[in-house]
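Chain naming follows the written order as A, B, C and D, and within any one chain the residues start at number 1.
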Amino acid sequence: MIAVMSKDATPHQIAHVQALLRQSGLDPVIGEFEGATLVITENEAPGAAGVLETATGVERVVDGQGAQQLTSRDFRSADSRVAVGGPDGAVLGGDGFVVIAGPCAVESQDQMTGVVDAVVAAGAAMLRGGAFKPRTSPYSFQGLGVAGLALLAEQRSRTGLPVVTEVVTPQDVERVAEESDMLQIGTRNMQNFALLREAGASGRPVLLKRGMAATIEEWLLAAEYLMHMGNGGVVLCERGIRSFDRSTRFTLDLSAVAEAKRRTHLPVVVDPSHSTGRPHLVGPMSLAAAACGADGLLIDVHTDARAALCDGAQALSGAQFADVMTRLRPVVEAVGRTLWQPRARSLTSV
Amino acid sequence: MIAVMSKDATPHQIAHVQALLRQSGLDPVIGEFEGATLVITENEAPGAAGVLETATGVERVVDGQGAQQLTSRDFRSADSRVAVGGPDGAVLGGDGFVVIAGPCAVESQDQMTGVVDAVVAAGAAMLRGGAFKPRTSPYSFQGLGVAGLALLAEQRSRTGLPVVTEVVTPQDVERVAEESDMLQIGTRNMQNFALLREAGASGRPVLLKRGMAATIEEWLLAAEYLMHMGNGGVVLCERGIRSFDRSTRFTLDLSAVAEAKRRTHLPVVVDPSHSTGRPHLVGPMSLAAAACGADGLLIDVHTDARAALCDGAQALSGAQFADVMTRLRPVVEAVGRTLWQPRARSLTSV
Amino acid sequence: MIAVMSKDATPHQIAHVQALLRQSGLDPVIGEFEGATLVITENEAPGAAGVLETATGVERVVDGQGAQQLTSRDFRSADSRVAVGGPDGAVLGGDGFVVIAGPCAVESQDQMTGVVDAVVAAGAAMLRGGAFKPRTSPYSFQGLGVAGLALLAEQRSRTGLPVVTEVVTPQDVERVAEESDMLQIGTRNMQNFALLREAGASGRPVLLKRGMAATIEEWLLAAEYLMHMGNGGVVLCERGIRSFDRSTRFTLDLSAVAEAKRRTHLPVVVDPSHSTGRPHLVGPMSLAAAACGADGLLIDVHTDARAALCDGAQALSGAQFADVMTRLRPVVEAVGRTLWQPRARSLTSV
Amino acid sequence: MIAVMSKDATPHQIAHVQALLRQSGLDPVIGEFEGATLVITENEAPGAAGVLETATGVERVVDGQGAQQLTSRDFRSADSRVAVGGPDGAVLGGDGFVVIAGPCAVESQDQMTGVVDAVVAAGAAMLRGGAFKPRTSPYSFQGLGVAGLALLAEQRSRTGLPVVTEVVTPQDVERVAEESDMLQIGTRNMQNFALLREAGASGRPVLLKRGMAATIEEWLLAAEYLMHMGNGGVVLCERGIRSFDRSTRFTLDLSAVAEAKRRTHLPVVVDPSHSTGRPHLVGPMSLAAAACGADGLLIDVHTDARAALCDGAQALSGAQFADVMTRLRPVVEAVGRTLWQPRARSLTSV
């Protein structure tokens, strides 16, 4: 249950609402959303909602379903639109279908310029690239770190396109937020709650990947951690779940996209690269994602996959990416949407 | 490896080829395809292919990959087209996208007439309905059996549309083949090899559902059982795999559709009803299936889901099905195909 | 719900009980158990149990839980004991811990004699060996069939030990029942309901392997199919479920053993060979199975694993099997049981 | 590959070894172990090992297998013994079987005293209790935090038993290390690499739970993160993996215990509480774990499960725990080990 306080509610009024809930045996938590204070409880108590509605300072009361409160369609029935990168940026969750592309890992200026030129030419709306890479082995390439952030920011200013990059630990959130337009929480960190709280408080939109063994409910509750810190800019990303078949790296769960869109007002994008781990499946799964209601895609592109320092095996070449974009457009339009078109701009040289 | 014998090859020539393979330490099996005898081995032996090519009566030699022989693109690079129901029937695997619809279980003449009228009006190309139902509990409705076959055949003659129905045990194959146009092998029987052999020898096309925990390779090898009995009319059906999330009944694995299309020349259809088990997901998953390259759909429809004796919870109403067909058409056309249009015909009353 | 009719109940009394249940809106099925007729319904209806208790010919009424009726502890609270192979045979479900061993597939008389001598010397209580092998590929060795049954029967008469062997299709049940002491239903056939009905009617005890993706409830309901055909000699076998880790062939689910023992009165054995697929794991998992309450083991042994025609990779050598038996004894005794000791008998030569 | 430098190796010698490896195209990382510097590479290069062996300052060269270096039996063939809590503490990995017990979450002094008295009376060797709780929902009880650490430390000094408690974020490692004897990394943080590095550098032994969807290899590589920071005190904990059956909360994978013991020298313990989520399965799985070679157990106990603020449903009562200990002893002894006996000490009152 959520009590949305009016923007001019006094601390005393907020404290009173909390007291009322405690009297009903509930355990209220304070959140905020669009400048208003929220008093939130996971559970309900008979009559409690009625009592709150009459309390001074309460604007409205929302009866949520169990733990999913701010992310539920009860709290907000309309689709949320998440703007990334300012007035010239991209908007996820509206009519535009947003394709985010770039290398799995930022490796060098040359690599970035090559890949970015290719994806921008093909019509990408946003750029991706990992500076901090969570790797299974401590002896694998761990990403360029801060130097990688600078190379990514360089491409942002060169193209004017918004960039999303992964953050793997709370201490880095502030820095990554400064150098990018959107924070990515990876599949291995979906339930890294300290990281979620920090990212939720960062003020930056967040791309939240689904844990590789997370239920849809757990995924939405991870988004709840972000939102109750006051962050309305949450975008969900389905990236495949772990299953028994080795033909694909993970099993892309597109039903989860449609189901998440039903349960929550948040935009949902799909990562066909990490889920399938097979370049020849990226195209078909991109089209399928657009057809079933996804709001965008996150695609790995590398102009020299063999030399890639991370996950090269699954990356598309520039030409393959351009081909996917060509086949994607009619499907996006068949479901009544349009490919997000970034404002035309010349690519400056580095 | 496959030695395709010329149609006029003599038994002696065939025996000679078998002998040559045994000399190479291989274990040949006899199959047939389009009237020609095939001598097939799972494994290769150095030089064996070369030896065969010079043997009299051998038309061509195909080097397959491991166990997948007749179903592989090595044996046939072009897509197979499977015709169901004679000249007025439907063709799977070509440009037409074939929607098969009907109730999960045949229950009564009234139920069948009501459902069939609805799906025909909405443009279904084929009818489905189960007479023999494999049920988890011995105390659940097991289907009408032979009486159900008759009710289904009645709808076939009334509408002129081909019908597919499940067969669950070898003894029933001949009878079900007589009364229907296509045999369905269910997910629980995908590795019921005695049933596969009997269905393979039936001369009827077969719809082979993927086992709920079968790898793509196991699925294609089940199809191999059908094909090496001489049955070229095999259609694969992805119907969801077992996973950890209870939000859907099974996890629809659309990557498997694209991957199967790559490894085999056989048509692949998708069952969005049994996989998701949720009516509100049938539409989005139908569109996604069409977008990623499926050749058709198998959809549960029931005009009174609450009263359904089997899996009513997941069935679409006639109106919901019509809505899915409307949204499906533009996606099918966006990928360069057309919804299969059955020849116009008036529905006779029963 | 189960109405157990007295042994001298008349057909008219049975029909009356069915009628009473139909009046309560229930759908009764007839079963039998230990010579008594059973009238069974999956569901309950208010007051129905009370009405039945007063009907003539009804001995007792059992309120089961949903679909699990005859296999539930409500129907029989005490552990069932399943005798296999006559007075000199083995009993599963009692104090004795029964180790069943032999090759995965019957290959030849020499192979059988070698393996059987080894497992008998090490103290096996029963023999296993497959004559009909369900194989993923149609080109793999499919078993010796009838000839294999004869080789297995030969070992039975030579050793006096009961034998269990797999049956894969209804037509074979009668024959396999004649030539062996216990029928095995394999993991791929757990929901081959036509086969279950035939095996249930065979009069032979049945070893029912868990489907590789079957829930415990589905497994118990497959046993229900056997029992309601009048077969009380059902033994469950946990053999591993499909999961994501390739370190083992399947994931042995020992919790399922303890859980099944709680929900049902049937004996439960464990197959550490097919589940792990790794010889070095057979020992540890055998000990673990005994410790958590299993009633026996089913172990693959082959005296020349490299030459095995089926699953040799996972078979123990005779020496490895003897070592497992040695380490097993103290664990079996630590949980208050004893290794089943077959009556001493000299091994006649073939 | 690992180059173990002699303890008196100079920085120049170490740099030289790194240079040699780079010349071979390898990418060396510096680690330490038992006071010696290690130069580690994930990959091999022809001849590189030979070159290193002759370099000054190199004590020995170990050819590991791929990414698993310090945790592999190649680096250390004998079982590692991990001492927790000083001279009066417990040793994991030796002949003693160590039972760790306590509440899932630290709630209050009364709760702790009650539970601890019960588990100490029954023979627990170590105490557990969570102060920082990772919870799926932001609105659930998140643990008492620092206050919880104090309550746990109080029980440590009262009983003299070592305590293990979870740490969820790098910033907390130093504090938790001060207040406890062993750090626990939870299943959701198994691949929280920043946390692993911090815990690896803490000097405290670490209990590393397996990720609920982690392969054995991923689990061992997470341990590799801890070890190459110089931490030799790593204990693995199998706690169940995610699967399709809802009868248990997770699927306890005991094969993984035996497999991990084979691949690594590290101790492995089992958590039968969180894996099964069912009190009635904790006993059978505890016995099974001891039988298959585990080095200890981690068991949830709560004296008032109904009132528990976290996971009460799966906790054993004091009496149930005592019963498990009684049944556990003979199984532990049957595999040639003994229950770890903490030094007798009187329980002081708080």
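As a working rule, a residue touches a chain if its C-beta (ideal position, glycine included) is under 8 Å from a C-beta of that chain, and two chains touch if they have at least 3 such contacts.
Chain by chain, the UniProt names read as follows: A, B, C, D = 3-deoxy-D-arabinoheptulosonate-7-phosphate synthase.
Source: prediction; values computed, not measured.
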| item | value |
| --- | --- |
| Neighbouring chains shared between subunit A and subunit C, ordered by label | B, D |
| B-C or C-D, whichever has more C-beta pairs in contact | C-D |
| Most widely separated chain from subunit C, with each centre as the mean of CA atoms | A |
| Centre-of-Cα separation between subunit C and subunit B, whole angstrom | 33 |
| Subunit C and subunit D, separation of their C-alpha mean positions in angstrom | 38 |
| Multi-partner residues of subunit C (at least 2 other chains) | 213, 217, 242-244, 246 |
| Residues of subunit C defined as touching subunit B within the complex | 27, 29, 40-42, 67, 69, 134-141, 168-171, 188-189, 191-195, 211-213, 217-218, 221, 224-225, 228, 242 |
| Subunit C contact footprint on subunit D (complex, rising order) | 213, 215-217, 241, 243-248, 251-259, 262, 275-276, 278, 280-281, 284-285, 287-293, 327, 330-331, 333-335 |
| Interfacial residue positions of subunit A with respect to subunit C in the complex | 242-244, 246 |
